Each structure stands twice: as structure tokens, then as C-alpha cells.
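All remarks here apply to the structure that follows.
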């Protein structure tokens, strides 16, 4: 096994020599024909004969206990196989490898929690029977209003400990210019379009679960723990996942419920959450209050920065939104305070939703920077330039690749930033007020463990295997490109097998670490194959030239198939974090630009164009990377303008738990969007040299829109999203 | 979904005789049945009745109740003579939904009030006497006009707003064979103490047609819809305006409003403030004053009051100003 | 119950409550048509019934006796892709792929509506619509893509329209 811990920068030499010309190229998705023809099977689909349907009975109260369940009416319905409740293995919420929810109790932590299961021959019967189950409760008062809950400062939640450097208050008191603003962001649903779904079946002692899940290696352990069985008895499959966005990183109740139900009825069972159940049985992004304080001199040099927030979580979960994660390495300044306080609340769990921290933290820091620039009479880019640090200003660690200044410059040039009116509200086209805004984008890069196996077969085809998922991220394609590049094979000669926990363990899809780590592991496996090929060629590995399925060394050329014959080559690669990972500060970067039109009559905002320039290390596939970045930018647009899940503080229920009233962006909201890359391979990130892409696009894009709204109207809104009602009173009279 | 008996009617007479809940496009009814907001015991499928044509009649149009929204919006006669209706239809829902949703069904579309949809919430419209979670709760999309202390839900439609401005009438068939012609002005009921009763239709009465009178000559028509995203969202405020001028004076004004009230809203006082007036800011302000003098916000929806004023004044300006 | 599905006569005896979507997916194993919301709010279930695009989730199967239903599987298979499917691959008009069959069926139905001269909300002259990018976006707004591949979806549809 080729095992590379990132103790020092590392790049497979063969990647620099490669001649196939695949890596980075904008090639079409490997699985594209299956997806566009509807043949790609997602969790709920292509179930075995005899699969029964599961429907979940959910709590009708926000806090309390179940005192009794009357299932007689449901059990009496023709087609109902079983009603299950009180099984001690039933979890109260979502679990993951770090934290398991309360199991088997009768406690209700939040409205909509799953409490009983109905298994039936058809979907229609299961659903109706679930509604006929009568649940008796001891209802208790709940904490449903985050604003009314006492805030805890000394908590141990989350992965981001508080940062206190220097004396922030003293530094602010001495600063020539101080900006002190409080921002609020609402609840965001991850809202993957594929409902969270699981198909489960038992073969003797062995459980197989096909689930809509981002991190199946973790899910395997979590499901085993929940069921109290050995991990080896669980296999998780996720060949296709219809979007995740963080919501499918853990194991939802429904996955464990399906396994229990399948065991109890002795048949395969499948379940898909209804859209409204998704709001309650899947975690959401915490709403936040963020106080952002910046102290600087009259030239805009920052000496003090505080990003202090409150986020919430329920009693049964351990995650806490890392609000200032993206602020930590962004700007210079000696005195620093970054912390996120906790409000405990009786609502569904909060958790990681696409770019936890940066997605919403950048609203505060990047809108505050825009306002500070205005106060100082500086261009917003110039203010940022003056505060570009040379080392991580929080940890003191050296940066690896950081092309943020280049992103500003190239973005400004491409966007036409010089055409921006510096006086807000001074450009009008008929009814529409026009403005431009920009923001920095930063998303921390993680180095993680990942393994892959590559087999070079007798037919000269290569197969790459890892338990990674492709949640729309392009995993299939970039793995094929990596292997093709390393082994000199066209895409058509490569098979990619992922989404199965029987395969070598990867990190899964989350935290934008999947692409770099999985491709790194695949490339490392290929290095071993090259070593073996060199032996068979009687040549040095460095002398091999591989292209289109043939190897050349020492003046001899041989088809790969001839070299393999009856001795297929199987190799494993592994990458993991090391000393270099510890010693450095790593992130993907970018500059976001937006132009908006605001109706001077109604306050409706239309984004007219967006443009971003991004530094993501090695670009593995220009087409899929750009698409993903653009998707993130659209998320920022929607976070700026529409997405807002509202809790009824009287009972802990969501007011708008569906797509009818929780407004994600539709096509008509989305303008032409350009995304460009400044490619600098980051050899410290992982052996593939690729930094995270999936979450970067959302960082700062919403702030750029909000800053553009200010440029258009002169109005600053601190309460996201900027719906028209918030602008109305500041618009010119009609 | 609760199960039900299903039958398909082969004539309007058979449909009203069948004694059940009519289903045509189903885009609203099935949505609600899945949530058990609606639990009909008997569905009568009227989708294949011969009520899907648009005919010219009495100088106007007689629109079959089963004409899909898409077809009505694209009908050349509607585009030519009732563009406000085309515009309203096209502002509603999505292409797919407009292909299925029918003229009659759209008139009867039920509210999108959050609490009407949530069967655990209190809702006097869904369960009479249970209370109203919108009053005292989150009510951003709710009514500022025409509500009661029982219900402040809005009618969500766009098409009916335009039809209201066009003085449409609803043609029905009753189980006893009687036909009625109900002006749209009289078709809807305000919630009062009975928010679950939304129209004057009697049990089993079938909407067969909508009749549009001849369009006012020389009138300009505008439909303007304000919503939370650029498409595929319900109106926060919408205005259907039909205004004619002669020699600098407003001679015909019909203004109807969506998103503001439990029904497509039209107020004679608004039009009285305009007719006979020159198209001045003062006249527009007076019209807006007339519309909103009785408006009442409930907190989250307070913004609809200034928004409605701004949209109305702008629409009036566009209807009476120099053509663009 | 008899239907014509993708050109073949098919029979089923579904629960009276079953949506067309559930019958396609669960009875006929035509799982290319997706369920995203089950309430007409996302468009993932878009199919063509008698040539018109509709949400299969908001219609009862029992109401479609003898109807002609075209699903993504009928449009083209993975080795014989329809031009719209090819364009989605070429332009990367998707990411996770879950909304994709609905987007493609919707796009095919939409272009047919344009050919019939149907206007949209953003059409200036209702009697003479011209299909620009804003028109494509408006007309496709009934199909959510949470991955938000909207710009490349528009690219794909524009290309097919112009071809």
C-alpha cells in the first residue's frame, strides 16, 4: 500500500509526467447518461421483490413524553403488516460517528420526532395507517423561542473553541475607527431534492442498507451502534445520492427505523421521509445572532476584530454552528475574539449545512467590511488588500496556497468593478436601482484519511474502488480522470465503483474534503501500479511513459493489457493528515461580485449578474468544479434574498416546512453567473493538490449581494434575508 | 390520504347527481388530501366533461370550467382583448401546474395559509371553532382587508383577481338542474364567523363556465404581481387594473387585488376616487386611501399596507400615462 | 386500469389513492420519474401526458385511463439519448441528477409550448414570444434544482432550441 501522511508537501511524480491530458479537463460526467435517462438508482428505487413500505408516526407536541400509543385502528387496516413502537433501539434523532442520540426512550425532544412505525404492503396504506395511530402525551412546556433562552458561554459543543488573543475591548477603545454591528441569520434547511430515504434488508445476521447518505463509512458504524450489533454485520450502499448539502452526513432516524422494521417483518422495507417530515427529522442550520466589531486606524489597518455569536442546539445533539470559522484566517489584526455561545432549545437538531460557519459568518464579516470601507472612504477591495495577512492571524501558522489578492484583482477586472458608483443609490434605470457589491470567499480546507483501491485488469482496463459517494460533486468523474491520468488510460477504459462500505474506506462527502482526498488515494494506488509495471517492463518507474493504454520505456512500447495478461495488478493508496497539515493554515479562497437591481417601487431584488474568481488548488474537472461553485453562489443569492425557515415560538413547529413557502432559488432568480479559477496546486493539502470546492461558492456570495443592495439603495439590512418588506420604508416615495 | 369512492362523470348532469366532491385538475385538492386537510368520501371525476372550450358569446367569452390555465392564457382572444387575464394566469404557479389546473378549480383554490396546511395547528377554516394560529402568530402572507377575528387567510389566486376586474360571472349547474349565473362580485364569501364557507356555491353545485363580458373599449390592462421570488410563488400583493381614459379624464376604472384579502378584492370606493378625475397623483393617492382606509395589519404583514399603496399608485400611473 | 406508457400498453390495478407518480415508480418500476416533494412544489416528477408536461405527483393514476404517458425512460435510454438528454450531459445541466429527468421532460414539453406560440410571464408581446434566456428561466421555474445548476440547464435548453 502506498501510504502518504501529509508530513510534508507531496505530489505523485507521475502526475507531472502524465501525458493522457485528462485531469482538470472539462469532460462530461462519467455517470451522465444514467442520470439523464433516469436509470441511475437512488435509495428508494429498484427495491427487491416483496419490499414493504414504512411510514413514520411523528410527535405532535414540541416537548414532553409519550405516555401511550394506541395502534389498534392502524393494525386493523388491511395491508398493515406491523405497527412498531417502544423498540429500545429506536433513536430519538440523528446520529453520527461522534454522537448518538438518545435511544429507546419515550422522551420527545422536538415536534416531528419519529415515535412509531407502520409497515404495510403499499405506500398508501402505510401512510394512512400512520395517521390512524393515536399517541397520548404528557406535554411539557418547551423552549421554542431562541430569543427567550438563556445563553451559555461555557459550553463544550462544536469543534471550534473560543479564540481570545490580546485585549479586544482595549484595542477597540483605542482604535481610531470602530464598527460595531449585529447581524442575524435565519434557519436554513439543507433541502436536498431527493427525500431522505432508506431501503433495508436482512440476510440472516447481515443487514444491508441502501440509504441516501453522504458518508457511508460513518453511517455503517452509526447504524451498528444504534442496533447494538457488530459493525461487520452492516453494509451501507449509496451509489447515487440526490443531493446532501450536509443534511445527509449523519444517520437519520429513518435509516435505523427501516432496519428495525425489516427485521421485525422479515422482509425488505423502504421508507422515504415526506417533505414536511424532512424539515423535522433532518437537521437544519442554526439561526444566529452575530456581533461583529472591527477597530482600525484611519487608513483602514485593522487592529481589533471580534466575531461573537449565538447559535442554538437541542439537548440531544452535540454540534454547534462554527460561525466564525471563515473569519479566523481572513484579515489581519492583533486583538481577536471569536466565540459562539449556545442557546439550548427544544427544536429539531441543528447541524452542518453546506459550509457550516462560512455560509452565514461571511454575511457578518463581509457586510461589515463593506460598511467600514464606506466609512473610511476606501474601495472595499482596497480595505481588504490593506488587511491581507501574511500568516494566519489567529493561529500564526503559515499559509499554504493563498491567492486571495489575485482573486480580487482578476475578479474586479472581469466584472468591471471600476464601473461601480461609489455613492450608493446613484444609478437608476427606470424603476430599478442598480448596485454592485463584492465580498471575499474563504472556506477552510481539511486533510482527512482516505483509501482507494485500483485494479489494472487483464483487459487493460482499470477499476477504482472506494466507499466515497457522489452527491452531485463529480466523484465518479474525477476518480476516473485521476486514474486515467496516472495510468495513461482514456476515460472509456476506467470503471469507477463507489458508494459501498465493502470498498476501501474514504472520508465520504462532507466538508469539501471528498474530492481531494479520494483522488489522492486513487493516485497513490496508481503509483504502486506504476512501480509494478516498471518491474514488468524492466525499467525505472520514472522512465515510464503512459498514454492511451500503452506503456513506453527504454524505447519499447507495450499495450497495458499485454503487460498485465493473467496477472492483474491490484494496489491500494492511502492518504492521511500529518505534520504539514498541523503546521499550516489551509483554505480555498475567492472573490465574489454581484450586480443587483432593486425595484424602487416594491423593494423586489433581482440579481442581474454574479462573478467569482476562485483559488481551489488543483482543478480536477473544470466543468464539474465550476458547476458546483456556481451552485454555491446561487445558494448565497438565496440566503441573501429568500431562504428563511420560521419557527412558531408557541409550539416549536415550522411555519413553512415545504417548498411552497420555504423559498429556494428558482431558475428565474438566477442570472448569468461566471466562475473562474486561479489554479495553484496545493501540495500541502493532499497528494492531489486539490482544495475544497463544494462549499466555497456559498461563502461570501450572499454578502456580495447584500453589499450590492446597499450600493443600489443606500440601505443596509443586518437581518437576513433581505426580503422586500425590510427595504420598503427606505425606498423613495411613489 | 383517506380512501374514497371514485367515479367518473360523463355529463355535467351526472356529475351533480353523483353527490361528491368534484375533481378536475386536482392540483390543489390532491395536495390537501395528501395532508388530510381535505378528506372527501367521494370523488367525482369531471376532468373529461365537455367543458374545455372557449367560445365567443354576447360580445365576450364563455370559458369552460375545464379549460386549463395554460390554454386560457394562450388563447388569442384572451391575449387580444383580456391581456390582464393572460398576464394573471401566466404569473401563477408553474408551467406544469398551469397545464393541469383548470379555470373552475382555480376559482375555488383554497388558501395557502400555513396553519390551514398544518393539521396540528388551530384553524377555523379547516376545523371550525378550533381557533386561528395566524392571529397572534406568524402572518406575513395574511390578509389586511376583509379578514375577521376568526380568519385572516388570503385567497391565493391570480386568475380570479383579473376576472374580478373584468366583471366576470360564474355559471353553475345545481343538482336540481337549475343553472345560475353568479357575478364574481357575489361568488365569494368573507370569512366572518364561517371561514370554512368560502363561496355561495350550494352543496353539489358545479361550476360549468366563466363568462367574461365584452372588454371595456379603449381600456388599458395591467396585472402586476409582487412576490418573494421571481417566479413560482404566491402573491404578496397583486393588482389587476383595467382603466380607460377619454380626453384626459378617467372614464372606466376597475381595480382588483390579490394577496390582500380572503377573496379577490375589489372596492367601489377605489374606482369612485378615480372615475371622472384626471390621472393625477392626488387622484391616485385618493384611490389608495380608499383602498386602505380599512386595512389592518397583524404584525408580520403590516408591510402589505404600504406595499399595496405603492403598487396601486404605480399601476395607475402606468395605466394612465404615456404608453411606454 | 390501462395506460399507454412510453408507447406500450400497460395495465395496473393501483390503490384508488395512488398518484400517477407512485404508479409509475412503484407499479411499473419506472423510477426515472422522481419524487421530490409530492406536492407540486418542485417539478421532479414532471412527465408528459398526452404531450403536455404535468406534475405526476398531483394527479391520481385512476384519472389517466387510456392516457398517453411519456416518461424520461421513453424519451431516451442511456445508450440512445434524446437530444435534450445529450445537451444536459454536454453542458453539465445537473449535479446530483435527482431533478434531472423532471427538468428534461419539462424542457421538452416547454419547447413544444413555445412552438405553439404560448407566452410566458416575461413575454413582452403576448402574441409573439421569443425564447431568450429569461424566457427559458421563467418557463423552467417549476423545476427546482437544489444543486442550482440553473445556468447550465439554460445553456442545454438553449442549444436544443437553436438546433
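Here the chain labels run A, B and C in written order, and each chain numbers its own residues starting at 1.
Methods note: a residue touches a chain if its C-beta (ideal position, glycine included) is under 8 Å from a C-beta of that chain, and two chains touch if they have at least 3 such contacts.
Just so we're clear, the structure is a prediction, and the values are computed from it rather than from any experiment.
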Skim through the chains and flag the pair connected by the most C-beta pairs in contact.
A-C
Give the label of the chain whose average Cα location is farthest from that of chain B.
A
CA centroid of chain A to CA centroid of chain C, Å:
28
Distance between the CA centroids of chain A and chain B (whole Å) is 41
Multi-chain contact sites of chain C, meaning residues that touch two or more partners:
15, 17, 38-39, 137-138, 140-143
Residues of chain B touching at least two other chains:
1, 3, 230-232
Out of chain A, which residues touch more than one other chain, so two or more?
124, 128, 658, 660, 665-668
With touch defined as at the start, can you tell me which chain A residues reach chain B in the complex?
60, 111, 124, 127-128, 131, 276, 431, 601-604, 606, 641-642, 646, 648, 650, 653, 655-656, 658, 660-661, 663, 665-669, 723-725, 728-729, 731, 734
Seen from chain A, its contact residues with chain C in the complex are 28-29, 31-42, 44-46, 122-125, 128, 191-195, 240-245, 272, 274-275, 471-474, 623-624, 627-628, 630-635, 658-660, 664-668, 670, 672-673
Inside the complex, what are the residues of chain B that reach chain C?
1, 3-4, 6, 8, 23, 25-27, 30-31, 34, 43, 45, 47, 70, 73-74, 76, 79-80, 83, 86-87, 90-91, 93-97, 99-100, 230-232
Any idea which chain B residues touch chain A in the complex?
1-3, 35-36, 112, 114, 117-118, 120-121, 133, 137-138, 140-141, 226, 228-234, 236, 303, 306-307, 309-311, 313-314
Show which residues of chain C lie in contact with chain B when the two form their complex.
15-17, 19, 38-40, 43, 46, 52-55, 58-60, 62-63, 106, 109-110, 113, 116-121, 123, 126-127, 137-143
